[in-house]
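Have a look at these structures, which come just after this line.
The same subunit A turns up in both complexes below, where it pairs with subunit B and then with subunit C.
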Partner chain A sequence: MAPPPASTASAPFASLAAARESLYGVAETVGKMGLIAHQIGVRFARLDFDGEELKRNMYKMGVKSLPIVVVTALFTGAIMVVQAAPIVQRYGAQQLLGWGAGFGTLREIGPLLTALMISGRVGANNTAELGTMTVTEQVDALRALAIDPIAFLVVPRFIAMVATLFLSTLYADALALFGAAYAGQFLLGVEAATFYNGLTSGLLGIGDVANGLVKSVIFGGAMGLSSCHFGLAVTGGAPGVGRAVNATVVTSAACIFVVDYFVSFLLE
Partner chain B sequence: MIQIQRLSKSFGHPVLHDVTLSIPTGCLYGLIGPGASGKSVLLKMITALMRPDTGSVVVDGQNVQAMTELELASFRLKFGMLFQNNALFDAMTVAENVAFPLHRLFDLDEAEIRRRVEERLAAVSLAGFAERTPVGLSGGQKKRVGVARATVTRAPIIFYDEPAAGLDPVTSQKIFDLLRAEQQRAKTTVIMVSSDIERLLTVTDRVGMMYRGSLVFDGTTDEALTSTDPYVKQFVHGLAEGPL
Partner chain C sequence: MTTDSATGGLAAIVGRRAIVLFSTGRELYSVLVRTLYYVWRGRAEPGATARQMYEIGNRSLFFLTVVMGFIGMILVLQAGLQTQRVLPDLSMLGASYLELLVRDLAASIVALMLATRVGAGIAAEIGSMVVTEQIDALRMCAADPIDYLVKPRFLASIVMTTVLTIWSGGVSILTGMLTAEVVFSVPPRTFWNLSLVHASDLATGLTKCFAYGAAIPVVSAFCGLSTFGGSEGVGSATTRAVVNSSLSVIILNFLISSTAYLLFQ
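What follows is the complex of A and B.
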């Protein structure tokens, strides 16, 4: 006799239970990230963090990320022009090319793509480093040596990440516009002066630049919290570090898009 | 004096169960027991790196569990600790690892810090290794760097978690002799966890044995060596037959 089919009545409940578990997991992660944010805030307010670690991380996260920011930004600007080229040519809207590239780049694409690139490089690296320190008891060693790991490890990394993303976005914005102007001249024959006039004709304001920069700071904060949280929460040796890096990349990217949506609404 | 009262801890399953123990000042206390019997967890409870579910730890009259994280930060200046995996900071050199607590916690000038670091490295026979990084050291050398870092602050209470793990017999004996000499020189209280029972018992004043999260023996080294308790006898003498 054939075995009876698996209970169909319990399947929806199993799905509900799994959904509930996932929801609890998300709530737990958000709660723990909130606690880390509080701990960072308290130490930051007391200026209780390690200056040398901050400098080391600024160099490691900021300066070492420059090549990837340069490449991403230049091609992002060029891609904006490539996508706009058919419309610009059809309607003869060469004067608006600077505005179009600037609007998209400064408000959205510049901060977003820079955040995603920095998240992949810096956020993942930060989690791997903190995770390895956790599983090899280096974090416990700091506490045993009467040194606060939040002040020594987490706050400098958090500040460095926020500052890196802010400065990289500023730099990426400028480079993306340069890339767009160059692509406009090369692909559409739009002179640099025409591109510049479109960019500064009054359709774009300082608010558009500020919009993107505010986003970059918030993205940096989200990335810093998630990478530090997952790094310090590692359990289970080397496989645990791998899982934490994976979780950081996924969570940071999801946070960046969710936060982008809400910040775009708020800053409208 | 370290006083542990009815300490229990569970991670889903119990890892410490109702442990009560007193360790007098200036004693070199050996903590022994099979793997996963709760020895390292007990050390982390005493230094408040972990919090117990129930029970208390009182060190020199101060209740560790009653302290906030900020109070613990200054309280932990009493302790030096060698971790099972050494826990050396990979990004720093040997000298920086040893100097690290001095730089962070004490108001000492550079010359004094350098002098203390050189003295500690010489004491563990690593005088020429100051500028090497931990990655390039052997297991025994890493242990000795860990010992140098654990003792550099001249803390009155020092914990050594498996100080001879993975070392050859000669190096192990040298490490134990070194730790005993250090303890007698500085009159520190030492708790030493080790699986190398034979060598450990050559240096201890008192011994405690953990088994499945409980303290099943607490007495002098001679009492441990002559104990007729079947668990202690089997473990101390490394017998194949017995209840373990």
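What follows is the complex of A and C.
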């Protein structure tokens, strides 16, 4: 979101003015993100971006995020089972544990938590990097050398981020179900085989997996846009970079939840 | 990877990682212990704590209201779709939703959001102070940065996490109720069914609020205090704060949920 507006109005109208300012701030952010999306789209359609930079970012964002994706996914799966436990106990429906945990994980929790963690690690890091470049005038230096900063810096990062989130979600789904199966065995005494049976008994289909993966691509896009926008818009030295990172994580998280609702609604 | 890790082999890599992990854990523990010590013994600073409460609480209100409003709609939508596949009866939708919200989701999702907003804010602020040597200046004045900077944030975060969880839980109950009415035509009277919400669920939820509220500022302040290098360092400290405080929320959630399940089942 926008930096806190300076309150100029007198006391009774101050909060109203602040609300108006923050509304303007939201509109401005959305508009600028739209502009960046347009610029990325044009360059992507012309395949006008730097391949080396893409490879470097894929490694830095994708491979290096693996540990946190693994830890998050295993714990997420376990948490899903613990939350489903009372219902399973109440109805004695052990066969349904796999289905219940699987549905929630594949459709919602897997993509959502992976997106939040990746947005914290990759999105924030990307803003910090682009912000540092902006503050130290390296982006202006690129322009002075007639290198388009969008094609050179932003498009590879955007593609890498979307790809990272898609692949991490795929990986996290599998690991979360694995974690859920063994948490079910240790905490509830439901055999892992029973869990896998519940998972594959026909109540869940490829549609549920695809639903989560479509979401992950859209989350990746929202995250990439907000992190590149705030990175390039940094002003004011080291504290400015800190503020931009803060704004990125907040905006990405808000975008992820808002988009999630509409995608769930449309894809049902 | 660097060249020395290639020559050192796998054991060296694992060993180095383990040592880093252990020393990080020890430093984090020391920040926590010193924070608790100063809460007990330090100077009373109601002004600083109130300022942090405004910063952490009031400034997160809009963000959390939006996010939790959408969470309420998403959860009821997905739960309804899931139930429709096996049961035609949606009358227990509200009761299960309220149970899950009170026991886990309200506190955990609010904490994940606060870990990004508040965690990043604390790390960025303290990190900039480290980079501009203001922390060293504080030490020169014989003021421990933990007492002066971390303690007010710690107290404010514990109070405000609880308050914000209660508020945003209310928001997501309202939006969930609305979704149930509009999409699945479950009337609000049927939805508002507290028969599955027990005292143990409430206790679990509040314990989570307390634990998350304590963990987020300690982890983020630790990341902020260990900043080095200029504006790049502040950026990476902020990133680490967000990732580590989110991870700590997830791990605490698992620990508290399974303990509560084993205690109350």
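Of note:
The rule we apply is simple: the second predicted complex is superposed on the first by the 255 of 268 C-alpha atoms of A that agree within 3 Å, B and C clash if a C-alpha of one lies under 4 Å from a C-alpha of the other, contacts with A are read in each partner's own complex, and residues count from 1 in each chain.
Just so it is clear, contacts are C-beta pairs under 8 Å (C-beta built on N, C-alpha and C of every residue); 3 or more make two chains touch, one makes a residue touch a chain.
Keep in mind that this is a model prediction, so the values were computed, not measured.
Set against each other, subunit B and subunit C differ in how many residues of subunit A they touch, and the higher count belongs to C.
With both structures placed on the common chain, the touch criterion links A:Leu145 to subunit B but leaves subunit C unconnected. By the touch criterion defined above, A:Tyr182 reaches neither subunit B nor subunit C.
Once the two complexes are overlaid on the shared chain, A:Tyr196 sits clear of subunit B and of subunit C alike. When the two complexes are overlaid on their common chain A, residue A:Gln89 makes contact with subunit C while staying clear of subunit B. Contacts of A:Glu137 after superposition: subunit B is touched, whereas subunit C is not reached. When both complexes are overlaid on chain A, the residue A:Phe44 reaches neither subunit B nor subunit C.
Note: residues 136 of subunit A belong to the subunit B contact set and to the subunit C contact set alike, using the contact criterion stated above. For subunit B in complex with subunit A, the residues that touch the partner chain are 44, 47, 49, 69, 73-77, 79, 81, 83-85, 87-90, 100-101, 104-105, 153. Looking at the complex, you find that subunit C touches subunit A at residues 59, 62-63, 66-67, 70-71, 73-75, 77-78, 81-82, 85-86, 96, 99-100, 103-104, 112-113, 115-117, 120-121, 123-125, 127-128, 131-132, 230-232, 234-236, 238-239, 242-243, 246-247, 250-251, 253-254, 257-258, 261-262, 265. Partner subunit B is touched in their complex by these residues of subunit A: 136-138, 140-141, 143-148, 152. On the side of subunit A, the complex with subunit C involves touching residues 1, 4, 22, 68, 71-72, 75-76, 78-79, 82-83, 85-87, 89, 96, 100, 103-104, 107-108, 113, 116-117, 119-121, 124-125, 127-129, 131-132, 135-136, 183, 187, 203, 237-243, 245-246, 249-250, 253-254, 257-258, 260-261, 264-265, 268.
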